[in-house]
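Below: a set of structures, written as structure tokens.
There are two complexes below, and they share chain A, which is joined by chain B in the first and by chain C in the second.
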Partner chain A sequence: MHIDHTHRKWFTASLVIFGVATAVYVPYAAHSPGGPRGGSTIGLAFGIIGSAFMAFAGLLSARKNVPVWRLGRAQSWMRGHLWLGLLSLPLTFYHAGFRLGGPLTSVLLWLLIIVVASGVFGAVIQHYLPRVMTLQVPGETIFEQIDHVREQLVAEADRLVDGAETAEGTRRDKAGGGVSLAMQSEVAVDEAAALRNFYAREMRAFLTSGGKRHPVLSDADTARSAFEGLRTLLPAELHEMTQRLGAICEEERQLRRESRIHHWLHGWLMMHIPLSFALLLLGCVHAITALRY
Partner chain B sequence: MSGAALVELTIDGKRVAVPAGTSVFDAARLNGIAIPTLCHQQNETPVGVCRLCVVDVNARVFTASCVRPAEPGMVVNTASEKVQRARRTLLEMLMADHLSPCARQQHSGDCELETLAKQAGIAEPRYAKRNASRGKDNSSVSIAVDFDACILCDRCIRGCGEIRENFVLGRMGKGGTAGIAFDDNEPMGESSCVSCGECMVSCPTGALTNRGVTATALGSGPDVQQVSPERLQELPVFKGVSGTFLSLNRGAVVQRRFRAGDVICSEGEYGSTAFYILDGKARVSISTPMAHVKTQGALKKFIGKLSSGLAQRQQDRREEEADQRWIPIDAPVDLNYDNPVAELGPDDLFGEMTCMSLYPRSATVRAETDCTTLEMLRNVLDIMQRNKTFRAQLDKSYRRRALDSHLRSVPVFAELTDDFIASLRESVELVRYSPGQVICKQGDPAEAFYLVRIGFVKVSQAHPGGEIVLAYLSRGDYFGETGLLLGDVRTATCTALDHVEVVRIGADDFRRMIEQFPVIRQKLEAVEQERALMNRQRLSVLHSVPLDSFLAQGLMEAQSLLLLDLNSCTRCDACVRACADAHDGITRLVREGLRFDHYLVATSCRQCLDPLCMVGCPVGSIRRRNSLEVIIEDWCIGCGLCAENCPYGNINLHPFNVTVDDPERPGRKKAVMKQKATSCDLCKDFAEPSCVYACPHDAARRVDPRRFFAGLLGQAPGIARKV
Partner chain C sequence: MAGAERTTKKLAQRIDLNYFKRPHPFRRWRFWLSVTAPVLAVLWLAWCGLAGNQRVYSGGKLSSAHAVLVARCNACHVKAAGAFSARASDQACLSCHDGPIHHANQTFTPNCASCHEEHQGRMQLASTADASCTQCHLHLKTSGSPTKFVRNIRSFGSAAHPEFAALRPGAIDPGTIKLNHAVHMKPNLAGPNGPVQMDCDNCHRAPTSNQAFRFDSATGMPVTIAEKSQLSIAISARAYMAPVTYAKHCVACHGLQFDKRFTESAPHDTPQVIQAFLVQKFQQYIGGHSNELREPGPDRTLPQKPAPLSVRLLTRDQWVAERVGESEELLWRKTCRQCHALTLAADGGLPTVAHSNITARWMPHANFNHERHQMLKCTECHSGALTSHETADILLPGIRTCEKCHHSGADAAEARCFECHTYHDWTKQKEVKGKLLLSGLGCGE
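Up next, the complex of A and B:
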């Protein structure tokens, strides 16, 4: 999500709500005998509003599960989730009077802090990383297709290398000049051996390692140097093939980069979502126990 | 020999007497003396070009025996050492100019030139071989031309002209560039050659050889019967077809018997053969439901799952729905929309487009009675279509059965009376065009109006910078009216995209029609104005947008793009899920495609100005509305050709469970899966497409690319906004 000028209305509204809440809290806190409490009228009001904001934020998951239902645009829900979720933090603190309280309320407050912090972290990540992905992964594919694309790269590289010997053999046959066919084949195999060995030892391991770092090919500069060195060992007819193998390595590097960025883009949700549900659940428990008892 | 004066002469020491006028060659032949030759055939006028038949007649020079008449007292030596030396030199010269071993020598070892050369002990000619190839011509479906093997003996020319009287072949060029040519030096397949095979049979070398039957087998079995060339030639429709051709293409046409109820071919299947009914009757129909895909559930605005169902025209009238009553199919009849069933009988040919252009079968044909058909491959159908007798029969059948419904199937001509159509029946012309052939050219005088009977026609205009495609026309469409209405020249070039047949209505008949039926004139003028407006809009687009990578990706062709702003998109796939949810689990959008700037052009229907998806539809069901939006009509048979043709992969096939009559158990129904082509419908029932509505990050948007990218492309600022 790109947080830009289109969020202005939400930002302004949130600022106003925060301002009003603070304007209410400060005199309330200053004049409450024994300090602000969650059970007081104003404290309760803060708690209810804060919980409502949290509940709305939590409904985003449900909203995403029914994308076609006309319940308001998903973008509006997301912005509501962001700003109202953020507002729930100060409102809850105003409800708690900046006190941790007992074990349940302490856990709740810490959960809230972590959830909001992870949410802010996610918002920042999702603000910047899409652009990074666009710039750094021009050959981007659909994330779930990465393994399949990788298999295709391996197959293509295998075909290229298998074709290298044949191409070299053909070149030698045409050059001919009285050399026997057997000898010509031996020469062909020798000259393609450097390519074959490089492929078997370095490149194939890089392509099939499932994203593990490779000392030479994971980095574009060292990979370039390696391929340039390889070209010096090969006849001119194999240079184009070497270039294509280099391009395959670059595609693999892009797939790895995409995979990493994708995990950053979505990985934080593995913490944010379960903790949010825990927060909502415990919040319900707190509300029931606090009101009833 | 009685009654004719005899001429006495001596040949190789033998006294012979032959009728006056006999050539020395024939005189020798009649008396058992063989003289080698290459350019002479008994059934052709001798021309003496190869000079191999030279003999010594004790004159100053040797004489070509095939053209020299025998004279009284002539002393002829056919095999002296000098004569043989001369022949050897000639053979070496011919071999130097002949690609050896040629195709005929390779396949059957009987190239006459190479045989003679071998007999003369010539392994390699002393003279330098030609270093520039004269090329090949493989445009004909049945005869391969290899100019490198040609020795310019002219036997093919005389075979084509004297024996067959087709006069297609001739000579062209001079000296080293001399060669044989078809018509005005056109490729053989595009010339008026009828592929009788006479040239091939006449050719002494491998310059003209048979291409043979294609790899497709016509199958075997108890109901399939191979037909001998002699039997085929007994059939009236094969009258005039070369027996040699039929012999060389044995197996390319078979006789098939179908029992009543058997399916001859099914709609949507791919094939490569055409059928000609010899006897019996067959029923042609479309079994796919006459309905289009409609997204339902939109009335439940807040809750309720959307689903895709089938809706008929009466149930769901779409804006600018076609009023078309007739469905064009690959047969000599059209099917009525309300009852898509028709009958075929003896002498009917169906499956032409499938056979010639490999389109899917457009309808299901089932034998109503026991039926005998000829099933043929393309090379045979090609010959048949060039055969005068067969063409006349097809024409007659079309005029009698299909012209009426074909004309009336065009909404503009709905008012034509029976009398007028009857008067047109004999004056219209059925004209065939090969793929790539120009039917009419921009700027030429307008002399006729055309109705497309089969195939696809491209309409384009030439502009500085290149050709602009304005439209693709298929069966039932028409062109040529603008030039006639305006009394001017052609405003566009119309080219056959595949094997096209058009009904050509001459200018006089056209004028008579619009004078007699002013309503038709008004309708044509209205259509002409709409087309002119569309074309102007299209051209204004082209002139206002600079052509760089925008054009290279075909983005200018699009009227509506689904763009994903990659700087906002978190790759969560909410758009794809929403699209699938809105269409019964089948997404019409893929979050993959080309990029322009920081936008991803998602794979979703672009409503292209040049809709390649329309080309090839066997039933003409994918077409363009007047608003330029692509629409798929009710009679889509689900063959999937449009999906294959779309270069962006934007058309999907949506399966539906339907119940149809069970042919094996009359009166009962059975459930089958039928497919219908679908593409993005912009979620018409909602204010916003579901993909855009469901994007939580405001990354997805549907835009008019020319306006949206105007700023990026250096156009007037402030235009770039969401449509």
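Up next, the complex of A and C:
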């Protein structure tokens, strides 16, 4: 999500809530006998509000899974998730009086810290990386389709290289003249062999490696040099084909870049979402046991 | 170039339109992690539950005093039958400890846990926050008669705490023993064996001090009844200075000689006891020295007119009465008066001696421990001791002296209320019958 001027209201509201909470907490903490406690009226209020914010942030997942529900715009939910989820951290600290407490409460606080920190990381990443993606991956595709697209690129490259030999043979036949037929055929095979060898040894390995780094073709500059060297070995008729093969390599590089950026963009969710569920569950247990004890 | 051939249509045709029906491994991993994390959390709690470990729900480490109860939550968290709540109640605390009331006319009695907050780590439960005290003492209200105490105390320090009551304007030392500290601290005082330089601890020591006093009775003078009554005020341990007594601190220099015929002193006791002692001593004496019943009369010799030497012949009773009278004159008018406030009887009877009124504790509502401060020179705090001439001078250091070290901040000595004050009136303490068992606490298991 891009954090821009459309967040101003949420930002202001969050700042106000944080300010009010702090204004309540400071005198409360200063004058509470024995210090601030989660079980006091004010401490409990902080806990309830913080938990409500967490629950709201957690409901984003439900909202996303049922997009047809008319429960406000998805963007509003996302903004609420971001700002109220962030606010839940200081409110929970005010609830806990900046103490970790026992095992369950310690786990809860650490989970909250990790969840909020990963969320903030995700928000920052999602603010900047989409622009990077647009600039660096003009041929962006659907992330889940990368392997499928890659298979098509390999098939396309195979077709091009197979067609190159045929085209070269035809060209030799037409330009035969006084050279014997056997000699012409030998030369054609030799000229196409350089392309075939390069494709089989370097390019196909690069395209089918599943994203592993290739010493030559993973880098745009070294790849360009390699293709230029190859072109000097090939007749002019095959130059265009070489160029198309180079473009396929460039597409593969973009797919790799997209995959890498996608992992940064969404990898944090591997931590954020599972721990959020654990946090909400343990939070409920904490609420019940705290009321009991 | 391949890119040039990538029309939108061609690019769209590359997409498998059913891709969303087969979740990508990335999504699958996220789903399974989202299931696993809460399941692990539930398993953790279930495991703790099956192991009977309720500590997982603890609000934090127990205090040092209660550390032994760490695995016995129900020692404090007693659940009434059928009730959901198992909060630690005052009854649970009072079953092991008594907590006497603070003041009879207090308007508010806090719960035990509101001041002694548990589950805050290895701390002392008595180390309560100032807010525990100031919740009442900031705007003190009392039931019944108006209080004599200051009503608005915020914390310790001259700006927030009143000066000690003994040092407020108009307060004087109620003691009647005449003592001039400045004179006693002068160099080359006449001591029992020559000139001496006295030091504070020659007189001021803790009651449990096991070192001999420099100027106590060389003859093992017994502590009299009056002095015993003073010593009974003495406080245990080494926190306070024992009240000064004649037998321990004064006798070596301030002997009670009453007659040149005797080397021993009169007892340091009531006039009645002293008089009886004198009569007995002189009666015993004259029994062995009957020649002294013949006393030379007054010398009436005039110049150039010698007169015969006259002799007074006294009975034993007359002689004893005269000697006792002379000794009493010496004692009542000079020796005793040097320190005591005596009122002589108009009819020549025995004088009345004012009660010494030595103050054993200047701050009855606060605690102080001299032993904890023994690294300091006495005069650092009792600065007036070297210059005080009057008995009425109170040499107790004021709050400004204390706050030089005891103030807020990490680089200061403790300055919270509990450092000096005790909430519970332990004079009203009741005995508690213990109920817990060692096996129940898990000790020795």
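Operating definition for what follows: the second predicted complex is superposed on the first by the 293 of 293 C-alpha atoms of A that agree within 3 Å, B and C clash if a C-alpha of one lies under 4 Å from a C-alpha of the other, contacts with A are read in each partner's own complex, and residues count from 1 in each chain.
Simple rule for what comes next: a contact is a pair of C-beta atoms (placed from the backbone, for glycine too) under 8 Å apart; a residue touches a chain by one contact, two chains touch by 3 or more.
Bear in mind that the values here come from a model prediction, so they are computed numbers and not experimental data.
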In the superposed arrangement, does A:Leu291 touch chain B (first), chain C (second), both or neither?
second
One more residue to check, A:Lys64. First (chain B), second (chain C), both or neither?
first
Check the residue A:His266 against both partner chains and state whether it touches chain B (first), chain C (second), both, or neither.
both
Chain A residues touched by each partner, larger count belonging to chain B or chain C
C
Touch check for A:Arg37: first (chain B), second (chain C), both, or neither?
second
I'd like to know which partner A:Phe143 touches here: chain B for first, chain C for second, both or neither.
both
Which partner does A:Ala247 reach: the first (chain B), the second (chain C), both, or neither?
second
With both complexes superposed on chain A, which partner does A:Ala278 reach: first (chain B), second (chain C), both or neither?
second
Footprint overlap on chain A, where chain B in one structure and chain C in the other make contact
141-143, 266
Please output the residues of chain A touching chain B within their complex, sorted ascending.
1-2, 6, 60, 64, 66-71, 73-75, 77-78, 126, 129-131, 133-134, 138, 141-143, 262, 265-266
What part of chain C is in contact with chain A in the complex they form?
1-3, 5-6, 11, 14-16, 19-20, 24, 26-27, 29-30, 33-34, 36-38, 40-42, 45, 55-61, 73, 77, 84-88, 110, 114-117, 119-120, 128-129, 131-132, 134-135
Show me the residue ranges of chain B that touch chain A in the complex, using the header's touch definition.
301-306, 565-572, 574, 577-578, 581-582, 590-592, 595, 598, 686, 688, 690, 693-698
Chain C-facing residues of chain A, complex
30-35, 37-38, 99-105, 139, 141-145, 148-149, 152, 156, 243-244, 247-248, 250-251, 266, 269-270, 273-275, 277-278, 281-282, 285-286, 289-293
